[in-house]
């Protein structure tokens, strides 16, 4: 337990250092970008004074080190990530508004990837070399090679427009006093409004599926091959001959060791979800973090960009940490070796 | 071990629930949409229910602060929540009394005295006084964004005489002063002062800018009830409105930022949106109009679509090349792409006050174009100077215009490169001569309906380095002419000076191809509402057509 | 003795590869009687494991072409899904390498419990625990409580194999198949494990098929012996008889090589390698390495024939010299 | 024993016959699965078409500024196999020519990221456990933590929005994976017996890396490159979907899809045809890559 805590703590320090370096690099890069972000934000007709005032306010007229120091001080002391040029609000407010929605989107997608990826992978492995396997393998191939935006359009057209099973993009809107976590499904539950909760899930279903489907397919393939590899392992033959029941054999003896490679790949898939979500977000009119990050990048909003890369770094690190912990939990070989 | 199974089962169930429930909800959504599309049957029931108008704009701005916004999307919201001292006449555009009942000027137009209405209340019930007018002007100029450029060099000070009398002292005479006041929106100073935070404006703190990020403080027929940045705005009818709102007007308006053609089509078709603001490509319009319940109209903008030629960059720095390009451009074909638009020989829409019909632009002729090229200094090495034509991504059919011009230029011997540029990048590129493309296509609009406004915004040095002026004219003579005309208070004299400028631009500078007069083509569901623009009475100023208090829900 | 608990008649196994078809087992028959302990010996690669896997019906996992006339366990066919069940019910198996035959991600307890649950469904926790403890104690496992709570990686090789044996014995089956159960273990432990198997089988009166190239132990434990070479049985009979008086030249070489058991000791014992299965010799498969080989050996395959006057003694060789002692000098 | 081993190693290398034999063996394994053959055919066709796009396209002028409004939105016919777009341009020609930038980006990205990635991976593996190793690992991690699409966009907006910088942008996000795979291969290989022997024989580590390790990791790298080609085409199409990378009128598969969406569902071929092209191409590379993985990884065992 203690070793575990030390490990997590070490990783945490590690992440912190990476983030510091990352943010400094991003700051210096923003300086290099040609074009004045303040001017382009305030519009063509803004007066010289207001441009200067904004430039000064954002510390853009001072040396890089001073600007970085000021930013770092504010982050550490007040959790203030600076002011966004794009929305003229503190970046932290923007993140608070946009991030939960995207996290919700990604979380639901991640859930789909895990459940459906493992489900199809298992079915495919259990019925390997039968027609069921062939059909699933063909579909997973199609899933891997089809661009996500194509799925988005297809789903929107078929399930929303023609069949009217789902809304045509957009999310249910909440009055501000009901927004507590920013994650709509949780807020709906907190309100005790179950039908609203269903509505939220319904709105999320297609975007999540479009975002997840490529990863589901990939995950299914990885899981299938991991299971097929283990099917030929001695311990499965031994357990089989020793009389372990078929279902236990598949869902326990075969599943658990096969889960280790699956989980590693899963981590990479999940970590990349948020970065890939912006086309899906704009297609389904979800005003989320991925779109926000695209906007701050396109607008060269300095503090926005830093905060966005910061968040991506944190998410990547946290997901990786979770996966590492998960792998350790699943695989006693690593765990016991680590303890020695 | 068990835990994992429980976890997986829960996940599975949650997803099953998601899928299952979506099945259940289908009927409800289905019913709702059907009801919205086919409203003839349950008319009486629907009539009382439908008092919300759902409309779109190409984008929702970051803030609805009248001191900050100056774009089309800002104006569309502003006209509904803020009011101005004067109101432009629907057919002529002439200023008529609104918040001010009357005004007088003396001292050669350097001092203007306005008498205000005494029955105006803001949406929170506070009565409007002269103090609010002074506060609004000070605030606009201090913040220095949005439409402040019109007033910052014009207004010296504002004096409050009494609650209903206010005096504007001008720094210099300004001919179109009264017309320009339609961009001076009066804000509720009491409300803003009460919600003021610390900021850069001394005792005025942040001038209430933070409050206005998601609130409104105006006297218009609507106020902002919910504001979702870059997503949607909810307007609710102002119960304290001083004037009359027709009783069929929507009680609330839901405005969504929407540009994507496919989604727009689906939403209108399935009845989830009642009005598409109108920057659709022509095929979208065509396909939507196959539904007999949908109708469209054309609303002219206060400006034009222009091809702007960079006069400081080879090869378009040569006058002959610019003339050649003008000759090579088939404006009739371009208008046809848009389904027929009004052409104008002058760089100012001919319906504008101050537009002259005394100029002729260069007619389409490949031969003349080739002749001009031969006269130019690039006659022998034109291929070494590729011409880049840039247009804005997602700006309706402008890509087709650029493509057409490109193919016409190639036909007369130019080497052409087309680039589709996202809006922000487009603005960035405009910032320096080097990054400004040889030719850009964009729409430029006047702030107030008078030639002077468009001339200033489009051609004076003030806007060089912005998307409004890719030409980089930077011509001292032209600047002087524009400044002089704007300072002329006498209408006839001003008119003559405007004509002079247009002639100079067309014959001597040739910076621009006046493609056609811009227009938006909104499309709406006639079974849901009717509106003046749909009945044939189109307001000369585009944004006033979207004055929702004039809409009548069915 | 009693009836046959395992019976294989005319089994042939072929693998298809790039170079062609590997004719691994051309035609093989064997049987095991109730309570009998049978050894199956031969060099590495002589097809012993393939025969075993076919008997336990787990060969289906590899791309093999299996043909057989008859394959019966306790008088029941092992064909199809039902056949698999028959196998499960009647066969226990101990694998070569205990480090790969236990699931690395599950505790010993869990693995044992799953076997027990399928054997004795719906019993109390205490019952299962009691069974597990008994099984572990029966293989003289020190500190069985601790072992139950361990993962395979926490146990030594010998302990793992004991666990495997105890798990194999938990199932009340008539046959135990032990596929080189000691190859992967230290020499010091080897003896113990084999003795343990011997004891348990005797005590529980089970049939045993022991595959090994450790001839010394096979000699000690088994009643009857099959000698395999290149997918064929070259000699079979009572263990004692074969060791006392081996007939087939291969058997003679094998027995001679016994002291150099480790590694490729046997290969050093008889010059040459097992022939390619792709294109096996037309005549006797052992002919290329055989010191006695004559023209007929190279042209015509010998048949497994019963020796006259013997008890169940079969040999397949053209040139049998019934001698008391193996010819040593020519083989080294 | 050691000397014999080294000798064997050398003779193996010079033995051409054994290589041909090896190739034949691998080809047999590869060709046993019809899917692999399909993948190979698709990839071959794609490469062929990429090279001779201008000659093969029935209307090569439609890749540029050709506008024929009269002929716009024609359904797929015998004349225009995939129909025409809003400018009346032949969609089939545009798809064929649109392959070029997609393949070009893929090749550039791979060239850059394999060079940088493998080099850094080898260096880190060589200096395993030292400060250099640590530094390279951290830098790799740094670049991995930012989503590739976002990173590519930053590069495109920072410099210039064209297909060269789109490729650079993707490459910036792509190389860490090659560093990681090389590093892992090198470290696992250095525990292999033959490397240990070679090292014991006193051969310099650098020489070992170049002479022994590099050839050993090429098969893995090559397989990954094949699979990655498909992924890069997908990423590039996502980028051009949002308007980054190839600029009109030059066709690119992603932007063709995104432009076509505006005309759904009436003019479905504007979206479906280029999307189908993406699917088929990427599938070809994936099938080939999987086939190679099967053949080469079995060989490793």
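Order of writing sets the chain letters: A, B, C and D. Residues in each chain are counted from 1.
We take it that a residue touches a chain if its C-beta (ideal position, glycine included) is under 8 Å from a C-beta of that chain, and two chains touch if they have at least 3 such contacts.
As the structure is a computational prediction, the values presented were derived from the model and not from experiment.
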| item | value |
| --- | --- |
| Chain pair, A-D or A-B, that carries the greater number of C-beta contacts | A-B |
| Chain whose mean Cα position lies farthest from subunit D | C |
| Chain occupying the most central position, where position means C-alpha average | A |
| Interchain centroid distance [CA atoms averaged], subunit A/subunit D, Å | 25 |
| Centre distance in Å when subunit A and subunit B are each reduced to the mean of their C-alpha atoms | 37 |
| Intercentroid distance (Cα basis), subunit D paired with subunit B, Å | 45 |
| Between subunit C and subunit B, distance of the C-alpha-averaged centres to the nearest whole Å | 88 |
| Contacts with two or more other chains, residues of subunit D listed in rising order | 157, 261, 264 |
| For subunit C, residues that touch 2 or more chains besides their own | 110 |
| Residues of subunit B engaged with two or more neighbouring chains | 1, 260, 262, 422, 425 |
| Touching residues on subunit C, where the partner in the complex is subunit A | 56, 58, 61-62, 87-89, 91-93, 95-97, 100-106, 110-111, 114-115, 117-119, 151, 153-154, 164, 167-168, 170-171 |
| Subunit B to subunit D touching residues, read off their complex | 260-262, 265, 281, 283-284, 287, 333, 337, 393, 399-400, 403-404, 406-407, 410, 416-422, 425 |
| Subunit A-facing residues of subunit D, complex | 138, 141-142, 144-150, 153-154, 157-158, 230, 234, 237-238, 241-242, 254, 257-258, 261, 264-265, 271, 275, 278-279, 282-283, 286-287 |
| Subunit A residues within the subunit C interface of the complex | 231-245, 248, 252-253, 256-257, 260, 330-333, 336 |
| Touching residues (chain side subunit A, partner subunit B) in the complex | 34-36, 39-40, 42-47, 49-50, 53, 57, 86-89, 97, 111-112, 114-116, 119, 153, 156-157, 160-161, 163-170, 173, 175-176, 198-199, 201-202, 205, 252, 282-283, 285, 287, 295, 298-300 |
